[in-house]
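Below are the C-alpha cells for one structure; questions will follow.
By written order: A, B, C and D. Residues from 1 in each chain.
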Amino acid sequence: MSAALRKAPLVVPLLLVVLFLALRTDSFLSGGNIENVLVNAAIVAVPGLAMTFCLAMGEFDLSVGSTVSLAAVVCCSAIIDGVPVLLAMLLALLAGALIGLVNGMVVTKLGVTPFIATLATLVIVRGLALAYTDGHDQIVSSPALKYLVGGRPLGVPMPILLAVLATALAWWSINRTRFGRWVCAVGSNREAARVSGLPVDRIRIAIYVLVGTAGGFWGLLIASQLQKGNGQLGLGFELDAITVVVLGGTALLGGRASVLGTVLAAVLIETIRNGLNLLNTPPAYQRISVGLLLIAALALLGLRRRVTAGPATVPAAVKEAVV
Amino acid sequence: MSTDTQTPKPARSAPASRADRAGRPTLGKLWDTWGITAILALLLAATPLVAPDFLEFSNLQSVLRESAYLGIVAAGMTFAIASGAFDLSVGGQLALVSVVTLIGYSAGGTALAVAAAVATGLACGLVNAGLITGLRVPPFVATLGTLFVFRGVAYILTQDGPKTLPYDQIGSPFVKIGGLNVAGIPLPFVIMLVVYGAAWLLLRRTATGRRILSYGSSPAAARFCGISETRIRIFVFALVGVSVGIAALTYITRVWTADGSAQDGFELKVIAAVVLGGTSLKGGKGTLIGTFSAVLLVSVLNDMLVSQGVPSAYQRIVLGCVLIVALTIDGLRTRFAAPGSFRRALSVLVQRPSPVDGA
Amino acid sequence: MRKMGLLPIALAAALVMAGCSDSNATDPKTAGKDDKVVVGFSVYDMQYEFFQKMEAGTRAAATAKGWEFKLHDEKSDENEMVTGAQALIDQGVDVLIISPFKPSALGPIIAKAKAKGVPVIVDDIGGGGAPYDAIVISDNAGGGKLAADYMVKQIAANNKTSKNVASITCEPSAVYAARRNAGFKEAIEKAGFKVVAELSGNSKAEEGYKVMKDILAKNPDVAGVFSCNDPMGVAAANAIKDAGKNPVTDIVSVGFNADPEAITAIKAGGLAATVAQDPKAMGELTVKLAEQAIKKQAITFSNPAEREVFNPVALITKENADTVK
Amino acid sequence: MTADNTSPEDPPLLHVDRLTVEFPGVRALDGVHFDVRGGEVHALVGENGAGKSTLLKVLGGLHRPSAGEVRLGGQPYRPRRPADALHAGIAVIYQEFNLYPDLTVAENVYSGREPYGRFSRGIRYAEINRRSAELFGILGVHIDPAATVDSLTVSEQQLVEIAKALSVDGRIIVMDEPTAALSADEATRLLDVVRRLRSEGRSVVYVSHRLDEVFAVADRVTVLRDGRHVRTAALADTDPDELVRLMVGRDIAAAAPRAGVAGDEVVLDLAGVSAGRQLRDVSLTVRAGEIVGIGGVAGAGQPEVSQVIFGALPITAGTMTFDGAPYRPGSPADAMAAGIGFLHEDRKAAGLLPDLSVRDNLTISVLGRLRHALTRLLSPAAQAGVFADYRNRLAIRTTGPDQLIGQLSGGNQQKVLLGRALAPGGRLLILNEPTRGVDIGAKFEIHQLINELTADGAAVLMISSDLPELLGISDRVYVLAGGQVVGHLTGADLTEENVIMCATTERRIFSPAGV
C-alpha cells in the first residue's frame, strides 16, 4: 500500500477531493457527471502522455496549443472541401506530425534550445492557422467526426477508451521497451546516450513528432466537440499539458517518467475544475486552485526528498540543464 | 611496425600550441555579446528603405516608450536566467503589481503608488524565492504555479471591474511617468537606461554578480566556494520582482488600467527577449547588452510590421522566424565552434552528417 | 569593458538624434491640415469576424466620403492598443475611431488626442469613463433582455415546467460584456425564473463546452441557457446535443453577436437564437459621428449622460436568420 | 608477461597510421602511429594534453581524423559514430563516466544493445539482470543490477562502466584511466580482469597515469607527447624512469622531498564526530605545519570527513575545535570565514565554474576583499593582481586572465582551483585528491607547493586514493573504513601494506607515537 502510494501520491488528494465533493454536492457522484469528468480528463491525458515522454527526455514542447488550433483548422476545412472525414482526420494528424518534425529538426539539427524553438513554433503555427482561415470559423457538421468524442463503442465513451489504450501503451513503452528506455536514457544523460551508440537525434525527433501528432489528435477531439476549427482554439493548452505531466510527478530534468501520475493528475485537475463549477465558484478562484495545487504537490515532493535524501553529494554524471 | 623504433622527436613547445586554442577574442565571443546588437543595427540601417515613417521623431519616441516595461523586466530576468532558472510568473506579477499600484494610487497618490509597486513586486519575488528555497519546489514549477496564483489574486481584486487611473488625474505626477519626455527621450526609456546601467554594474562589477554567474555555471562548485544557494535564489527572484515593480510603473502610467488578464503571455516574451539577446538558458552566462538590444529589436520589428500594415497573423510568423534564425546562428556557433570558428560549422552544413553529432 | 556599457546608450542616443533631424520635416499639425481628411481606426482584433465586419463598414463609409483610412490592429493587447492608437494620433489623423480592447485604457489615448485636438469616437465595447466625443454601443443589457424574453416564450412553447436557467459569462475582466448576462438575469428573474448556474467560459468555445457539461451534470433540468458570446453559445449547444438533448426544444440556447457560426447553427436547428449586433452598421455610424465631430456639429445622443449613441440590437431566430448578411 | 599467442611479425589487429586530428586552431594529434596486436595489452601513456584521449575518441567514433588511416583486421576502419565502433568490436571506457543516473545498472550496461521480445517489444529484464550479475561476478563485486545508478558510489559507477565495455564482447577494449576512482583492492581485481581478457585472446588498450599498473599488466607501451608519437617499446625493454622522462621530456624526481616541519600547535581537532550513517565517532588532529593524510577504500567516508570540516555536511554528534576555539560551521561560507581552504575531489562536477574565466574561477573565494572601499564595486585591478600573483606562484599556463577555464589542461585547471583554495590565506587546507587526473609534471609541482605551504606554517589535510602520494608526502595518515577511523599510521608504520591492511581487513593499527 505504501509502495503504491509512493508511486502514485496523487491518489490521496484525489480521494479527498472526491470525498469532499460527494458530501458537498448532490450531483458530483451522478453517473453522468463522473463520465463528464473522466471524458475531460481523457482528452487532456492523451497529449499529456506524449508530453510525459518529452519531459522524460528532459525537453519541452510549448507549441502544442497552436498545433491544436492548426489541426482543427486543417481537419474542418478539409471536410468543408469535400475530403472524406477519415482522410481529413489523417491530414490533421499529419499536420501535427509535421509541426513535430519541424520542431525536432530545429532542435537537433540547428541546435536551438527546445524552449525557444517550440516557443517560436507556438507563435508561427498560430499565425499559420489564423492566416489560413483569415479569422473565419471553419464550421462543419460531421457525425463521423463527432464519433471521436461522442461515440460509445462497448458502451464506453470513445475518449475514455482511447485514453485507457494510450495509457497502457505508454506505460509499456516507457517502462519496458527499448524505445522508452532510450528516451529516459537521453533524458538522464544525453552525452552518455550518444557515446553508447544510441541514435540520439532520431529519438529526439521521434518524440517531437509524437508530441506534435498528439497535439494534432487533441485538435481533432476539440474539433469533434465543437464541430469547428479556427485560429483561436487551444490558447494556453501547452501549459495545461505540461501542468498535468509535472503534477503527475515526472521529473523536469528528465530521465524518469510517471505515466500513471500524468493520468491521475489529469483526473485530479478536471475533478477540481468540475467541482468548482458545481459549487458555483467564481473563475478567479479556479486559476488560483490550479496554481496552489501545483505548488503544493511539488513542495510535498521537495520536502520528502529533503527528509529522505542524505546530504548533498554530487552525482557523478553531471545532469544537463533543464533545457 | 616494429616495437621500439621511434626515438623522441624534438617536440614543439606545448604552451605555444595550447595558446592557439583560445587566445584572442574570436568571432564566436564577439557574437555572444554583440551579435544581436549588430542585427539591430542592420535593421535600423534598413529602415529608411523599408519603413521611412519609422524614423519620425514621434514614432521613435513611441517605440522607446513602449519598449521600457518589457526591457526592465528582461533586465531582471537576465539575472534569473544567468543563475540557471527562469521566472514564469512575471506576467502574473505584472498584473498583480499593476492592480495593487492603482489601488495604492487611489488610496494615497503618487508616493503610495510607487511604494506599492516596488513593494508588491518585491513581495511576489520573495514568495517565489520562499517556495523555491523553503519548500524546495523547482523554479519552473514554483513560478508556473505562482503565475496562476498572482493572476488569480489580481482577478479577485478586480472582480468589480478593472482598476483604472481616472481621467481627471491626467495632471498628476504619477501619470507623467509614462508620458513625460526628458530632453526628447521618453521617461520610461530613461528609467530603462538607468535600470540597465545599474544592472550592468551589478552583474559585472559586484561580488554578487560574480556569485550569481558562478552559481548558474555550476551550483555544486559554487556551494564549495562558500556561495549560498538560498541567498542567490532569494536575491535573484527578489530582483526579478523589483524589476517587475519598476516596469509596472512605466506600464501602468501608459496604459492606465489593469486587471487579472493584463499582459497575458508576457513571461514568454520576456524570456524570448533575454535568450534572443544571447543569455544561455543553461546558466552561467548573461549579457545585458544583448538583452537590451534584443528588446529594442523586437520592438522595432514589431513597429515596422505594424506600420507597414502586415496582418497580425503574418506578424506572428515573422517574429517566430526571427527567433528561430537568431537562435540557430547561436546554436550552430556553440555547437560546432567551441574553440571559436565558424569553419567547421560551415563544413558541417555542407557535408552531413556532422562529425560532432552522429545519429 | 567600459565601452561595452556605453555603446547601447550611444546607439539609443543616435536613434533619438536621427529622429530629431527628421521631426521637423513632417509636423503632424501640418499633415492634419491637408484638404483630405484622415481617419484612424484602431480595431480590437482583426482575428474576429465581428471586428472584420466592423472594419469593413468603417472603411467603406470613410472611403465613400473621400477620406484617407488608416487601420491599426490592437491584437487583443492593451499595450498595443495604447501604443498603436497614440501612433495614429502622431501620424496626424484628423479623427480617431477606436474599438478598445480595454475601455479602461482609453484614458491615455484620449489625453493625447485632446492635446492634439483630435476628436475620438469609440466604437462598441465601452468608454471607460474617459472624455471621448461619442460612443456607439450596442445595447448590451437590452440584448440580454431580448434573449430573456425570447427564452421565456420558447420555454413555454417547449412545454417545460422547469423554472431553472443557466448563464455563461465571458472572462471576468470583460465588464461590458457582463452587462449582457446582467440584463438577461434581471429580465428572466422578473419572469419568475431562477439562474441556477452563472459560470465563466472565459469567452472560449472549448471552455463554454466544458462548462455546459458541468451545468448539465449539476442541473439536468435547466430549461434554457444564455451565453455571453456566440463561440460559447454554439459550443454550449453542441454540449447539449452531445448529452442527447435538443438545444432548441429541450434547453433553449441563446448566444450573442450573430456570428456566422451562430447563424449556420440556427438554420440547422443547432441553436435557438442569438442577439445580433450589426458591426457593419456600427462602423458606418461612427464615421457619420466622426464627420459631425470634425465639423463641430452637435451629436444627438441616446444617452447624453454617457454620450452614448445606441445601435439597436435584434433577436435572430430561425424565422429571420436568412436576413443576416 | 609477453604475448605468446601472436608473434611480432603478424599484421596487427589495429593499425593507426600517421593519424592527424585537427580542431580549429589546434592539432590534437600529429601523424601518430599506434598498433595493437591480437591478445595484447598495450599501454598508452603521456601527460594530459598529449593526445591520448583524442586517439581514443577517434577509435570510439567520436572524432574523425583529418589525415591518416586506421585499419582494423586489415580493413579500413572509419567509424562515423559511436555505434559503428561498437559494431566493429571496439569498446571504449572513457575517463568521463557515460552513465544514466536514473536508469538501472543493467539498463546502463546493455544500453543500445538490449535484447527484447519479438512481439511484446519488451526488454528481457531477467536476461540482462542475470548477465550483468555475471559480469560483476567476474569483476569480483556485488552490485545489484536492478539498482539505479544514482544510488551507487563512484567506484561502483566506474565498475558499471567497465562491465559495460566487457558486455560488448569486443575484440578490442579501450580503457581510459579505469582505476582512477577505484580502491586499491578493486584496482588489483581490475588488473586481473585485464589479464583474463588477454588470455581470452582479446586486446586491451590501457591508458593510465599509474606506471605501476602499466608495468603490472601491459605487454607494450606507447608514449605520446604533445600530440606526437614518442616511442613504442616492450615493457621488458624500458623502466619507469625512462617512461617518465619520455612523457615530460626531462628528468624529474619521483616525489618531492618533505620540507615542512610539524609544529606542536593543534589547528584542527575532531572529537567523536558523527554525521548520520556516513561518519561514526571520528577523532583526528591536525597541527600547524603538518600534512595529515586520510586513506581508505573508496566510499569509506573520506570526502564526508572533509565536508563535515568544511561545513558542507551537518554534524550529528561530537565536537570540533579550530584554532583552539569550538567550531561548528553551518555552511562552507562559515568554514571559509574561519580560515579553511577546500579543494573538492570532483573537479568537473564540483570544482570548475565552466562558463567563467580563469581569473573569476580563482578569485571567487576572495571577492569580498577585492571591492573598492567606497563604491563596494569589484576592482578589476585588484582581481588582476590576485590572479597574477597565483599565476606566477603556481606556474599556471594560460593565455590570460580572460581565458575560459575549460580551455586549460587538467593540471592547470587543478592549479587554478588550488589557487582558489589558497587565496583566502587560511590556516587549514583541505585537499581532496589534489592530483587526480593531473599529469606527472603538474603533480610534482603540486606536491612541492603543498610542502611549501606547510613550511610557512599552514596545516594540510589531504585525502588521496593514490597510495604513493598519500605515503609520499603525508606526515601521518588516518585510515578510514565504513565511516570510522580504523588506523593511524606514523613513522615506520606508514607503509602501503599497513594502509591496505587497515582499510580492507579487520585489523586496526594505531601507531603509539601519534596524536
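Everything that follows uses one rule, which is that a contact is a pair of C-beta atoms (placed from the backbone, for glycine too) under 8 Å apart; a residue touches a chain by one contact, two chains touch by 3 or more.
Just so we're clear, the structure is a prediction, and the values are computed from it rather than from any experiment.
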Any chance you could name the chains that touch subunit B and subunit D both?
-> A
Given the two chain pairs A-C and A-D, which is bridged by the higher number of C-beta pairs in contact?
-> A-D
Per-chain CA centroid nearest to the all-protein CA mean = B
Go ahead and note the Å separation of the Cα centroids belonging to subunit A and subunit C.
-> 33
Provide the C-alpha centroid distance between subunit A and subunit D, rounded to the nearest whole angstrom.
-> 44
How far is the middle of subunit C from the middle of subunit D, if each middle is the mean of its Cα atoms, in Å?
-> 70
For the pair subunit A and subunit B, the C-alpha centroid-to-centroid distance in angstrom is 28
Subunit A, residues touching no fewer than two other chains | 130, 135, 194, 198-199, 231, 282-284, 312, 314
Please list all residues of subunit C that touch 2 or more other chains.
-> 1, 46-47, 171-172
Touching at least 2 other chains, the residues of subunit D are 81-83, 312, 344, 349-350
Chain pairs in mutual contact under the definition given at the outset = A-B, A-C, A-D, B-C, B-D
Note which residues of subunit A are touching subunit B in the complex, please.
-> 62, 106, 108, 110-113, 115-117, 119-124, 126-128, 130-131, 134-135, 194, 198-202, 231, 239, 242-243, 246, 252, 282-288, 290-295, 298-299, 302-303, 305-306, 312, 314, 320-323
Note which residues of subunit B are touching subunit C in the complex, please.
-> 33, 37, 40-41, 44, 53, 55-62, 64-66, 69, 155, 158-159, 161-167, 170, 175, 178-179, 184-185, 189, 193, 196-197, 200, 204, 251, 254-257, 259-263, 289, 292-293, 296, 303, 306-307, 309, 311-313, 315
Residues of subunit D defined as touching subunit B within the complex = 8, 12, 15, 23-27, 33, 35, 49, 61, 63-64, 80-83, 220, 225-234, 237, 246, 249, 310, 312, 331-333, 335-337, 342, 344, 349-356, 360, 364-365, 367-368, 370-371, 376-378, 397, 399-400, 403-404, 407, 409, 420
Contacts from subunit B onto subunit A in the complex sit at residues 84, 131, 135-138, 140-142, 144-149, 151-153, 155-156, 159, 220, 223, 260, 268, 271-272, 275-276, 281-283, 311-317, 319-321, 323-324, 327-328, 330-332, 334-335, 357-359
Over in the complex, which subunit C residues touch subunit A? Could you list them?
-> 46-49, 52, 171-172, 197-200, 202, 204-206, 209-211, 213-220, 231, 234-235, 238-239, 242-243, 259-261, 264-265, 268, 270
